[in-house]
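Across the two complexes that follow, chain A remains constant while its partner is chain B and subsequently chain C.
Up next is the complex of A and B:
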């Protein structure tokens, strides 16, 4: 048996300790924040505009001075270093390519400033990596949005930074190109192995690309975890609503049954695994029961007897249905929740499920999560809709 | 009927040509009369074609001396006003300081003030300070009134500059000086050049302020004015035509360069 000595290189770690930013006008963009981004990871800061994610990024770059706290890259404290002395590079929102320089000189800029004389080979290799070798002598305004975006990435990556910071790099691209560039960036990150810190307001983008996502809201990190973890186990209504869609039922704790909590909601009973409840579970306490729309099955009220035992079930009437190809999205009016959303795969469609039909909604209790009822049910919904 | 139709169709072109003619006619007259061989001392009536004046442009006493004074003053005034004006423009756009709004409007005041008023008040100032009128008082006055124009031209350019470009330069290891030289200055250059050209033109042909504050120094506009009292040598037209040709060549050269650049890109 061989011993694998996993000598971890942590020079590309980003460590923020108690970092905060309050502007002269008294507005606090970022509340004291601790965050560690491990070397080589693809980390996303996700949030609506004005949540402090870009400010956090700019503090790592050195373009914004923190009001308190420290920034470490690996073991080095860079808090007092100006941006041009930090081993990080940024891909700016709308790219900030130098309009008076051609593509080659844009990409060579960082190398030349560090006094490197023979840049030709490196620049050409980098332009090939982003498939822009042909465009080297063009000016930025002659390229398309997607090409400019790749120049911005090349211009930053050629310096082999310890950390690459990306500020909404895909915001200006149309949807199709954005999807393509997401995969492209992910490929480049895997190839070069540099730590990427990516700021975005697009939850799909964050989930597609990042290993770890920090959801930010009003200058604080609401929750941090892998995309699947955040989606399956949101700990606040903001996270539950900002990442995908969630249905919430207000319920009251009734009894405990082993590892499960039994809750009363509108005359019926719901089961929730205690491990998936982030709210206090004293008997009589209020809990928001959450479930994702795609976890739910829809059965016609006449067939209610066929539903297996042990599933959570509520009744309702279909208020609206829309067929979108891969699935059908139903809005169900239920006594416990006025607009319950259900996404059903179009495998065996029941032709009777039309608006006005009485139905039973049922799901595996393991797919239920519980949140503290003291928070706003709709937190995080507006922000996503505004995008 | 067909004429009316034709007129309707080409009215825009005709109006454009007439306006252009209106603008350029004085230059044509100046050029034509630079080849005149006048009978008396005044060059107001066409007599016969002659190249005498072109062969001997400095043949008139003191004229080329005054031209040289004017060019020197215009050169230094352009440099002074452009450097100061560019710095003011950056300060006004980039920095928030007390009384920034007031400074912004005060900068425009010299442009709006009647020149003759400014000329008289400047003279009062110089006399009270005991300054000796001449080259330096003219230069100080010219830098002063050119400043507002340079600030206006550069400010427009700086305002449209994306501050993220400089941040990107800093992010790419350029210190403050490198950032200024490699990014800020090249991008602001068209505005600065426009301001400088404006300053040169304004300074070169200024008469009122110069006349008040020149003492015994004579600039080219003052020479033209003075000689107009006693008779106008053809050489004045020669100088005027030459300046016009130089300006046209400048414009043509910049057009050719930008055309070639565009072709290279395409």
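Up next is the complex of A and C:
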């Protein structure tokens, strides 16, 4: 064995080529999919339940046989290998700890199966890493949900897998514990440097933890990128709605002005940087103009003259407002968009902004993105409440 | 939005109804238990006491029996009928092991592999109960009859040579041999093994199998380290439900066996119903009961089931 591990080592790459899964009953859970997860990254598969993310993960683990395509770990084609021969480990949803074994033996299970005799030191070190040294001789059912979750992580990590697969590992925990474990998992991943592939339906979880997120919908990857990139430059309405909230205005391409496109919406004009438009931009074409609620400023109609030039603006009437501490959320009824959402920081609150007030909404054109108008505006909404 | 002028709702709306529990309410569980207790008293405790007293009586049918605390009956019964006791344990033990060997794969299949056939197979397992125990055992008499297809096949395959050498059969016969009795017991008590095994296997989360596979356990190791240990409650209750009634059974030995295969159940039956020696019959019953109690206690202690989930 060489003593120095090469930094550009790619043995922990996960490469999926044309992988798909169709069940006997004809249901296609995953459509042919190409995906490369680079060594050492924290990768999240994000989507609503039934979108194929768990099936994809199970195909990497070998628990599900792909209908087509191949799975490579580094240079090795593992498509035909049974799970117990693959250098990957899984943290299962609801953990799947062995109820008849104590914590120590649960963690030692993988080592013992590989014929390693002296496991004591390793298991104790691993239990210390997840702060469960005291609980070694307890049975899984004697631990709390958060502790069980850490046992599941320890049981997988102790085998030094090339890739760690996490299947909704935090789904069963309450909100506060979930936030804490997210940071904990991120810390462990940074410490051990193993490739993590994390499946979740919680967009906030994916954004907090992952370097790269693949948003899945109906068995396909809708978009892949860094959390900030997905949030700022969604390419489909599904991604725009699934990650946070978006407002859409249906507009028609009017002219081009340098790098910008000028669009007609209602009676007014909107400006959109061409680089941020994923739709065709021929004159007369329809485009969905999107903008995030927190990018928008709200000004009372009487003060409309104070708004600087060069900003996109639309008019409307406040339909509802709710104060939630760090910000105030307004719903504005506008001729171009019936329920326009605006989140305003509570820095200089204008006391006149109450429901029924006529207002002008304005934002920097650079914060505008354009999508193909031929898709469902509401795709990806509501998933947050489900599951 | 809610206004704050309203008083907050009381935290525990049920609080005002909380009065000190009435006596009648506390007694309800005991009233509910009463029918069961009465049943046990009349049909279990009283007969036991009656039999216990019978076992220490002396006398004759003509002169009547009297309690004389004649404990020697126990010793006499044991020294005369110990071969039948040993045979009972041996036959019941063999049948239990055979049931486990046959029943485990069946229960495993139903629990994990049967899919939509699960209910059908379960019905097939229970179906024999729709016919009387006696009729089914008599059917075995026909199946194992001399010169019948089963005996012919076993003979051709030279299986009977092996079993004869082991002392389980004699010559070309299967009927009226220990093998026939053990086969009958195995057949009759198989469902009592399969049902508890199925119940405990079915409770195992299939993800535990996946987790074991994911942690480098081959399918055989997964079975040895995860599935089997988790099915131990089923193994223990299945073996008990098979062994205990099989050890006291006399129908199989009576119909499928011969005078050389008499079990303790046969002796008790004969003593009670033909010879009418009630004290000996009662003493034999108590010895059998005590022996089974001891064996079961040792078995449960050693298998350590109280440790399991």
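The criterion applied here is as follows: the second predicted complex is superposed on the first by the 378 of 387 C-alpha atoms of A that agree within 3 Å, B and C clash if a C-alpha of one lies under 4 Å from a C-alpha of the other, contacts with A are read in each partner's own complex, and residues count from 1 in each chain.
One rule holds for everything that comes next: a residue touches a chain if its C-beta (ideal position, glycine included) is under 8 Å from a C-beta of that chain, and two chains touch if they have at least 3 such contacts.
As the structure is a prediction and not an experimental result, all values here were calculated from the model.
After superposition onto chain A, the modelled positions of chain B and chain C overlap sterically. Legend: residue contacts after superposition of the two complexes on their common chain; A:256 is shown touching neither chain B nor chain C. Of the two partner chains, chain B and chain C are each touched by A:113.
Of the two partner chains placed by the overlay, chain B and chain C both lie in contact with A:83.
After overlaying the two complexes on the shared chain, residue contacts for A:138 are found with chain B alone; chain C is out of touch.
In the overlay built on the shared chain, the residue A:98 is in contact with chain B and with chain C.
Using the contact criterion defined above for the overlaid structures, shared-chain residue A:352 touches neither chain B nor chain C, since it reaches no partner.
In this superposition on chain A, the options for chain C are 8-16, 152-160 or 242-250, and chain B clashes with just 242-250. The intersection of chain A residues touching chain B with those touching chain C, taken from the two complexes, comprises 61-63, 82-85, 88-90, 92, 94, 96-100, 109-110, 113-114, 155-156, 159. Interface residues of chain C facing chain A in the complex, by the touch rule stated above, are 1, 205, 207-208, 210-218, 221, 225-226, 229-230, 308-309. Of all the residues in chain A, the ones that touch chain B in their complex are 61-63, 82-85, 88-90, 92-94, 96-100, 109-110, 113-114, 137-139, 142, 155-156, 159. Of all residues in chain A, only 61-63, 82-85, 88-90, 92, 94, 96-100, 109-110, 113-114, 141, 155-156, 159, 322 touch chain C in the complex they form.
Chain B meets chain A in the complex at residues 162, 164-165, 167-175, 178-179, 182-183, 186-187, 264-265.
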